[in-house]
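Shared between the two complexes below is chain A, which has chain B as its partner in the first and chain C in the second.
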Partner chain A sequence: MLLSATFLLGCAAAAMPAQQAIILRPDAIVAADGSLQKGMAVVIKDGKIVEVSANPSAQGSQVRLKGVLAPGIIDAFTGRGADFLLTEQSDAATPDLRAADGLDLDHPAWQALLERGVTTVHITPDPTNVLCGWGTVVSVAGDNRKARILKAASRPIASLLQSSVNDDRIGPTSVAGAIERLNQTIAAVGMDSLENSAWFFVENTEGVAAAKEIISSNKSNKFQMVLMGDVASYGGAVAGQLVGIPTFGGGMVARHAETWKRLHKSGTTFAFGSRGGSGEWSSLRTSAMSLSRFLGDPGAAWAAISSNPARMLGMGEVLGSIAVGQRADLVLWSAHPLDAAAAVVSVMIGGNTVYRATPPEDKS
Partner chain B sequence: MMFVSALTLFWLAAPLAQEPMSIAVDRLYVGNGEVIDNAVVMLADGKIVSVVPGVAPSGALHIAGATLTPGLVDAFSFMGVGAGTLEQSREVTASMQLANFADLDSEAFQHAIDSGVTSAYLSPDSLNVMGGIGAFVKTSGGQPADLFADNAARVLNARAGLKVTLGGDPSRGNYTPSGQYTTSFNARRPNTRMGTVWVVRRDFYRAKDYMKAREQGLPVYDADLEALAAALRGEIPIRVQARRSHDVETALRLQEELGWPNMILEEATESHNLAAQLVAANVAVVCGPAYDSLGRSTARGPSQLEIKALASPAAVCCEDLHEHEEGAPSFFEETGAYQLNDFSLDMLVLLAPRYATAYGFASGRRSEGRGSTPALPALLQAGGVNLSLGGAEAHDQSLTESSLIYQARSAVRWGMAPADAIASITSRPAALCGMGDQLGQLKSGFDADLVLWSGEPLAADSKPLLVILDGVIVVDNRPQD
Partner chain C sequence: MKDSVDNRLSKENLNRRMAEPVLSPSALPEKLIVNPRAMLAVIGGLFLLFPSPLQAQDSGYTRTYVIQADGAWVAPGVRIEPAFVKVSAGKIVWVSATDLRQERTNMLGNTSIDPLIKVNGFLAPGMVDAWTTMVPAGYAQDPHAAATQQLQDSLPMQVANEDELLVAQVLAARQAGIAAVFLSAARDGWRRGVGTAADFSSLDLPQAQGEGALEFAVGAQGDRGLERTFMIEELEAAFTEAADWRGSWDDFDESLEKYGKDLEKYEESLTKYIAEKKKFDEEAKKPGAQAQEGETKETKESKEPTAPKRPKYPIEPQVTAARDLLLGALDGKYQVRIHADTVADIQRVIALKKKHGFHLLLVGGGSADLLADELRLAEIPVILSLGDDLHAAPPVERSLAKRYTALVDGGVEVALASGGAEGLHMLMLTRAGELIAAGCDKNKVWDSLTSIPARLLGLNDYGSLHRGKSATMILFEGTSPFDASALMKTHKPK
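Let's turn to the complex of A and B:
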């Protein structure tokens, strides 16, 4: 039954003409708050979700799906799928650098991401320069290579990381020097370089304070923080904001879990990125499971790998949830994706089935 | 002896009053795809006077079974380019004109003529992001600087193309700064693909600002930006060396973003799955040599899928072409050549990035030729791409087995039509280099650059009997009887 359903999903998406709506009827869908909703149908047409309801009005072929349908997982910041390391160190400030120029769309990482239910990644230059350049939002699969790049220049990436500012060649060698160089760079290239909601990689109070100062002095509140290092020592400074955090690696202690809890209480929302994390492929999902445990709020944890990264990227309207107008980037799981036993059954991107855990020809 | 050769050279350099010559052949390739059986070619004053069908008139040079083609045009070569031509203290040396410092006496040009190449585009080296301006030369007829040299190339166009290199080459050997090596210029140059593109973009935007400043009459001058401005005005084609698929895609993106009026791709090793985009963007491709050296790892033969694609291009999905045939021995397994596997390379890059990049593993060799195939010319031709062949280093190494005609033979062996293969080493590269109304075809009014082959030019046993350049016989291998 499960197999025939995946087969149908594949066939339906592949065989139907673009104009024909397809009505997907999974056992349940993962709603925006992370809860399971049963009896809902998801109607897709031209690669988008056009209706979500128990009794859809749209006409089209019905596809019964055994399992839980969820929006594809989004990696908020990563280097996977790029040409080796995106660490460009010919200068301490590289404002025009674009991660899109280091992309390798033939990289084996893309297949591994699909197998883990990830449909979109935000690839950023390594946060080792004060103004590192631009990230790029990439769809994990698709026939049209050009169309896979959803945003060629997504967000300017700035870095005030203590651990990065140790350049003994051209400097800076301290956060203070990094702040100075960042200000100089902004003065030279113009505030345009940050207009599109810059991301600041920070790992201490000085970094957070400087980021806030730089932004407020330029009369813009549009910026986001990506928290690195021991957040417990400076987390209070970012309370209430939307922040990116690396996936949880080893070395997690009680103080960290307590930090996430307090930040969550203060209204802070999180988006997980796999760069800087443990490096384990499934860490996005396992990190969300851990967060769910810490917070006692599965919805907030699920949002950290779906709708929140989409919002951080300014793409919340089109990615990250099952709602009308969203791209049909959908993953069929055997159970709720935050259930440790859940496995990916199949993956659809832009309305096309791009991955099946069990190929249809093997099912006999 | 010295005086004799010097005198000969002066005569070669100034072929003013030549006797008209007529050559009768059994078969003649015009160079544009046309083939004429039983033709007579008249030459005078370094030009082709007429090409007419007919039998040999009295006094005509005639060798039974011989075939005539235009002198071959190498669309992409490194002849005369050596260590002395590579300035590495900065990554952009766009203003440097290769014609001013290439070794035009190089033996490579003699090797080229010996194998029928009468003109060539000389490319600056690929280790800079923008290495300079390439030259278009005749492979003979120049004035040697060295009194002992027998032959020298003659520059026809000193501003024939601006070299831009994407991919791993410009970042090869560069490293991130740390420890005691930070004083080296290698620590200041881009060390990623991404950084290489950044340098291209940065300088082209600077060039646009610079052009505005010049228009406003501001007293600014920058030689490198002048070269870029000339390229942006369409005066010099932009020659982009891009091997991997994503490098080719980057080139297409840059072309669109920066408004490059005339872009030509060099090597384009993995471009066969991007033929449609290349056609849509009206971009011509010069394929690098398929077999110049093992180091470039281009020696893998096509898989069964690729051969199937040649038979029926529409029947095979392009993505499938990347799949290695199941169970088939790899090139390295077949030859026993040493190769690090992916895992150990990744470890090397992570643990010792400086050494990994210095030896080209991270940015160069390993990642540059992964999807290469000798069927590339045939696949691009099937996709409708404007394609020429280039010899790259072939003639430098006096390896006539990898010369331009060998490239064409190889292309035919892997599925290209012979007429297309001839066109891709004659009329097409001539047009690509802006010499399409002067070179690359056997037509009246064109330069008298011809090669008389002992048989079909693409046959393995065929060799040049006569090479004529500007109406002068520069190679004579006619049987003595």
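Let's turn to the complex of A and C:
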């Protein structure tokens, strides 16, 4: 393990100036469907994956990796790595607020995330305003701010949660009031704020209906939902879509497992985010493991922390899987990342090895 | 007997009504009906004759078959490949690496053989969740005093559609790979009544099994506010009082003996007095007995005999249900589960065990790892919650993985449980798996989820796949039950 990790570290360092292709040969890779594929080589060049095949045509230095190579884990919506609140409480609608402006690139969260195989996070404003502002997609490690921020303004975030419609300081105090405020804001700032696949945080059927109404009345059909609260009571209204769900923690009730199963059967796909979910650093992976058990579909569960968050952000071509054209955000695990006994061996972001775990025997 | 309106709803009356179908009050001697204690004794006797339906029910599993799997994790350190497991009526008949089925010939000459079910993956015993707060509907609202409430008495009857919420929780637990649980009263306060270990019936309802445990919580786990500081004192005082109270029966017995003797003396004196008084009265009635001149009133009165004082019946020590439970624990009838987290509280819990010697389980144990040696010496097992922060924000030394490892390495028996947080039992296996990812030993973690909690709860049918054990198993296709990259199913006996 130590040997392979050192190789990875060494080759990456060597690779940077020369921009030479590196051929990674792990024991197996995690394919897009979550299954393990043995004997595959992953060729990276200029921080990107340029070839994935058993017999790559590209020339370059070969690196044998002991372990399972997987795309880095992606957090679909979080507040980690930023100012605590990321909201503006003096107004109920803050269409121009940018999460990127509250980013803290020196936050201790980054290292903790890296150690758990998370390579990309989508930081969103806190969903307590009806229109909260813009999220930002951030790479967990990188040389500088420019390299770290993959998308400064990712998605406009709207919220129809109780916390946004029942605020007696600045209002609104009802879903109807929130809708009015949202429409006013859209009229004032123009469609730009919503047409770019807005995300709606919802927690009941009223919220889902209102989001659909607002979008359709603005002649768009591009929007996505993040499901908060008791999904069992309203999940049917979003069946068949790609939805965000908070990571699992305490407060889950028995019927939720059944809800995820039914939504899965109806074609719904999931993307986990840690905002509003479990506070633990490892919550993305543990939630995916639990989802795998609930659905009886490890592939769907793996997608929920890899390709689905990337797709939800419109970045499925560059993030979330091991495929040609993707960023070389790769994590070497000791076993399949959904095997709870697996540990992170090393992490590569944009082709550079940025983290190497201390082998267990070295831990004091 | 004729009921007055006031009397109609009295407790003894209700008791009598309960007994009516079996034994009409008219058939009872009048004395028994009037005396409430005697009445209760009769009703108690009836329950002995007709055992509680909760205890009499079987699990509802009936079929016989053999499962063939790629292998089995039979017990700690015992693994076989392949595995054949014969199941009958919900129990394991045999486990073998070869097919031990034999053809049978019946009286008509027809041969038959147990059906074989082939499955992919490895069989392993179902987990035992030693700390849940799954409770029957309305349990927490039960008007009985929390200190004396017995959860077992509130479990639903084994009837289809009974307590749907509980069924949903059991189904979720089954799906998560859990075969048996400890049902703990979800209550505030330091006295929490008697929880019970339970497994699941064919109707997916809990059935009491194993041992009951008297539950307490001290410190922050009990109530909020200043009261928490005094909880451990109250607990100590309650056990000391119970032990002393038992001693007070010896005093009472002595007093009773003395009372008997005093009574004999009294009766002698009384007989003497009656005779003297009679004589005195007769003399007083004589005509010549009128007060003569010169005789003072005082001297006359001094002649009149005085009645002896009847000795008082000694005061009987008062019986209370709450104390009876403590005495039951002191006698080994119940385990004692104490939820404590701080070093100071745990030290006093250890002292309590040393003083009274009861069967004690430490629950929660936030700082238990710091007292691993003391806990090992006092033979106190610990039940940790998987709901605790797995990695912990700094200091990392307080993460569950570190705490678990320190206890296990220190020689303490540790069970890992869901910890009673709503829904957490569904996440138990993956959270336990994270301990392995953090460096804990995979086999030890598995034992802490199966054989250890089964032993601690007295669930003798669980924790391994040996002959006679429950056939509620899990079937995993990955490298271990902790591998969620492959399928895991649970086997509910047929």
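Going forward, the second predicted complex is superposed on the first by the 339 of 364 C-alpha atoms of A that agree within 3 Å, B and C clash if a C-alpha of one lies under 4 Å from a C-alpha of the other, contacts with A are read in each partner's own complex, and residues count from 1 in each chain.
Quick note on the criterion: a residue touches a chain if its C-beta (ideal position, glycine included) is under 8 Å from a C-beta of that chain, and two chains touch if they have at least 3 such contacts.
Please read these numbers as outputs of a predicted model, since none were measured by experiment.
Once the two complexes are overlaid on the shared chain, A:Gly267 sits clear of chain B and of chain C alike.
When the two structures are aligned on the shared chain, A:His256 is found in touch with chain C, with no touch to chain B. When the two complexes are overlaid on their common chain A, residue A:Lys146 makes contact with chain B while staying clear of chain C. In the superposition on chain A, contact of A:Thr87 is made with chain B only, not with chain C. When the two complexes are overlaid on their common chain A, residue A:Leu338 makes contact with chain C while staying clear of chain B. By the touch criterion defined above, A:Ala99 reaches chain B but does not reach chain C.
Of the two partner chains placed by superposition, only chain C is touched by A:Ser290; chain B is not. Put simply, chain A uses no single residue to touch chain B in one complex and chain C in the other. Chain B contributes residues 91, 174, 176-178, 182-183, 187-199, 201-202, 205, 244-246, 249-250, 253, 274, 277, 322, 349, 353, 362-363, 367, 370-371 to its touches with chain A in the complex.
Taken together, the chain A residues at the contact with chain C in this complex read 34, 36, 112, 248, 250-258, 280-282, 286, 288-290, 292-294, 296, 298, 301-302, 335-343, 360, 363. By the touch rule above, chain A contacts chain B in their complex via residues 82-91, 94, 96-106, 125, 133, 145-146, 152, 167-170.
By the touch rule above, chain C contacts chain A in their complex via residues 165, 168-169, 171-172, 175-176, 387, 389-391, 421-424, 426-427, 429-434, 436-437, 439, 442, 478-480, 482-489.
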